[in-house]
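After this come two complexes, each holding chain A, first together with chain B and then together with chain C.
What follows is the complex of A and B.
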């Protein structure tokens, strides 16, 4: 992935943003990390932005517009549906996983409680997306 | 004398002599003529006589009742009279000419006939041979033949004269007679019916075997007795009355049920058919009595009667209402139960339409449909909302069946009625509670889901923040401070697991859609690939693993929980885990055996409760795994058991019902 592409984190918990951005720093991920605290805010941003983010990290349980509603919106939008979305959630629920993949997510990661483990998850995402080509490079 | 003279004289003599001779010849020839003439006349009259006699003989011969034929030594017919031809089916002499008797002999009589031919050859005749031949129309005829040999001048037999008589009709009659005698004998010897023949005084004339067996006396016994001697004293009067009226020819036949006495003194019930045999003067000669033992029938009847009485009592006294209606729904009968249920008296109901008495429009419609069903011969049960005499409303459960008469014609229906108003109310209450229970369960599940997420999120934040604190301010804490921070992190981690446990516990539920057939071993093999076995623990698998019909995820959870526990709590240098399976009558069972620490007797019950763990060494556990196990197993009406000894190990076994 182009190191200049933004990565958009959609999560209502600011601590999650802290954890992800710390992991970015530790793992030397050069991409700028944007944070929107629910689906609605993220939607507004995407509709207005000129440069689409390279990847969206999406929480499922959020106020205003939750992860699934956000997925429904984005997958119905011709311009936006090219952006790969990785679900990053505390839910290990079968139903949530199935529902997410039905909405064509690119990955589903369960947030570990330990920071080291958390960093490993982010590292995995980094490894994958620094190799994988995007459709909108 | 001259020679002329002499010649003249001689000539004259000769003339005279010739004349005389001529005269003699003339006379003789005339005589001859006359006698010839006479001869012709006589001959003619003889001829005529002979012809007349021949005709006479021929007529006699032809008109003989018996057939007459002559045969040559080859058995070929050379002569026959009309009777013979008629018997053999030929119409003329020409037709019968050349017929060989051998050819028309019936194949079964060939041997028999040979003996007679031998007799003929030996003694020159045979008498009264009877055998079959085929006539010209291939009908079988019985012939009686008397035969005499014909000899030539040298006393050799050159043929025979045979008198043949058609005895077919006689033979047939004999056979018929034999047959009908046989039939009569068969009737008389009938195994199921005893037959006795009495004379007009009631004395025995003849009895058959069965009669003898029925009574148990030897045949001689009867010959000195009269009929009434073998009857039960109470039945003598009516029996004798019948015999009297047959004797008087008032009736010729009668039936009577009476008791006979066996030799043992024991009486048996029999149905007797008595008929009279009369002579030309219509006087009774014999009674013929046919005796059928009906003891078994009588017993069956008595049992039937008792049973009927029993059921009548049950029906009369049961709490169920019984109602019989005709095809127009008119009440024919109602038992006491129905009277009490409906509030109407029997008199109030008889002949009335049941639906008018008890039903509103909707129920009437239902009953009309049911009546139609009943006419098709169908039985069923249904519920009806009815109105009692006092106008109170009740729910009745009705089981209806068509009612037929002796001829199998539908004449109405019989209904058994049970008041189920209370049950209905209970049922409806139960249904309501079931519904609220379901709602409550759903609520609980949603609650667990929401709460766990809502608790999880801030917990995650706390944990995240503390870990950041730990990382960023590591230098600012002394050793105790560091330990406290580490403890807080551990506690939050544990709490996270607890919340996760509650979530999975609450999401265990039965769902028919997720039920599938699978082979348990397949799931186990798949699962074992994902479970990490430490180096010092070995796994052994044995037994027959069955196919199951359940949610495969549930099965996986069961096995996973037991195996991970067996690994987690193993404190031995060489840890052993054994997974086995088998079945008994009702259950498939799976057992996980370990040689780990074992569980103290007093904790063995509690271990399946939520949040119960007995972990002295601080191993990470939510204490919810076995609670989930128990919940899953109980969901399928199964059970879990535990055998354990501290220090030795534990065996967890779960049982799943076969169906």
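What follows is the complex of A and C.
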């Protein structure tokens, strides 16, 4: 992935932002990490930004506009639907997984509770999206 | 093994020293009062042994505040009645070498159990040794867990969706302390609701969750004090 492209984290929990941010630092991921606290904030940002993020990390359980509502919005937008979205959630629920893939997510990752496993997840996302070509590079 | 022995009777301190004499790898620091002993300092020890009737010190308050540190009480009374729920029990004074070895074993087990419970590894990693930031973060997590637990206490009057949402929030906060069993329990309750289970079948799990979370809150509070 273009190392200059932003990565957008959509998660209402500020501690999750700290975790991802820390993992980025430890794994030397150079991409700037943007944070929006719910789907509505992220929607507003995407509607206004000129440079689309390279990847969106999306939580599902959020106030105002949850992850599924956000996916419905983004997949209906011609400009935005090419952004790969990886769900990053604590939900291991089958219905959530199926619903996410129905909305064409690029991946579904369950947040591990242990630090080293969390970093592995972020590292896997980094490796995959560093090799894979984006549709909007 | 590093212990603190709180004893205001100097003869009892000498008898204790004698019991320690042949125990390997044991380091004991003696105090005659619990006043002025800071939390961080106490945390650096593996356990505390305390005279149950220590003068000028509220043992109950002290034991409540340091619930996360393995603690044994000593009493000269022939009938051992614990004035408080010490996690390594109450023992007869003067302590003998064999009894002290038992106390050490129990403290090691309690310490291990402790490590398997609340862990600050993630918090330490996130705050990178900045003590003020660590306390701020712990404070905000404590506040959030406390608020959610109060709401979960009224689970019976909540809608399924609200209950599910609260459980979800509580799950991620509990996870940061590596409380895997509690995390799993919350996950099950959340999934039950998501999969359409009747709320009444989930409520017993919620009761267990709130009670275990209350224990976590106690431990967090003691770290914050």
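Note that the second predicted complex is superposed on the first by the 137 of 137 C-alpha atoms of A that agree within 3 Å, B and C clash if a C-alpha of one lies under 4 Å from a C-alpha of the other, contacts with A are read in each partner's own complex, and residues count from 1 in each chain.
The rule we apply is simple: a contact is a pair of C-beta atoms (placed from the backbone, for glycine too) under 8 Å apart; a residue touches a chain by one contact, two chains touch by 3 or more.
Predicted model, so just to flag it, every value in this text is computed and none were measured.
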Next item on the list: Answer with clash or fit: chain B and chain C placed together on chain A by superposition.
Entry: clash
Next item on the list: Considering only the touch criterion stated at the top, classify A:38 as touching first (chain B), second (chain C), both, or neither.
Entry: neither
Next item on the list: Quick one: from 96-104, 114-122, 150-158 or 204-212, give me the piece of chain C that collides with chain B in the overlay.
Entry: 114-122
Item checked: Contact residues of chain A, present in both the chain B and the chain C interface -> 13, 15-16, 18-19, 22, 61, 90-93, 111, 113-115
Check: Inside the complex, what are the residues of chain A that reach chain C?
Finding: 13, 15-16, 18-19, 22, 61, 90-93, 95-96, 111, 113-115
Check: If you look only at chain C, which of its residues touch chain A in the complex?
Finding: 121-122, 125-126, 137, 141, 165, 168-169, 171-173, 175-176, 178, 180, 183, 187, 190-191, 194-195
Item checked: Residue ranges of chain A in contact with chain B within the complex -> 13, 15-16, 18-19, 22, 61, 90-94, 111, 113-115
Check: Which residues of chain B touch chain A in the complex?
Finding: 453, 456-457, 460-461, 463-465, 467-468, 471, 489, 492-493, 496, 500, 503, 507, 553
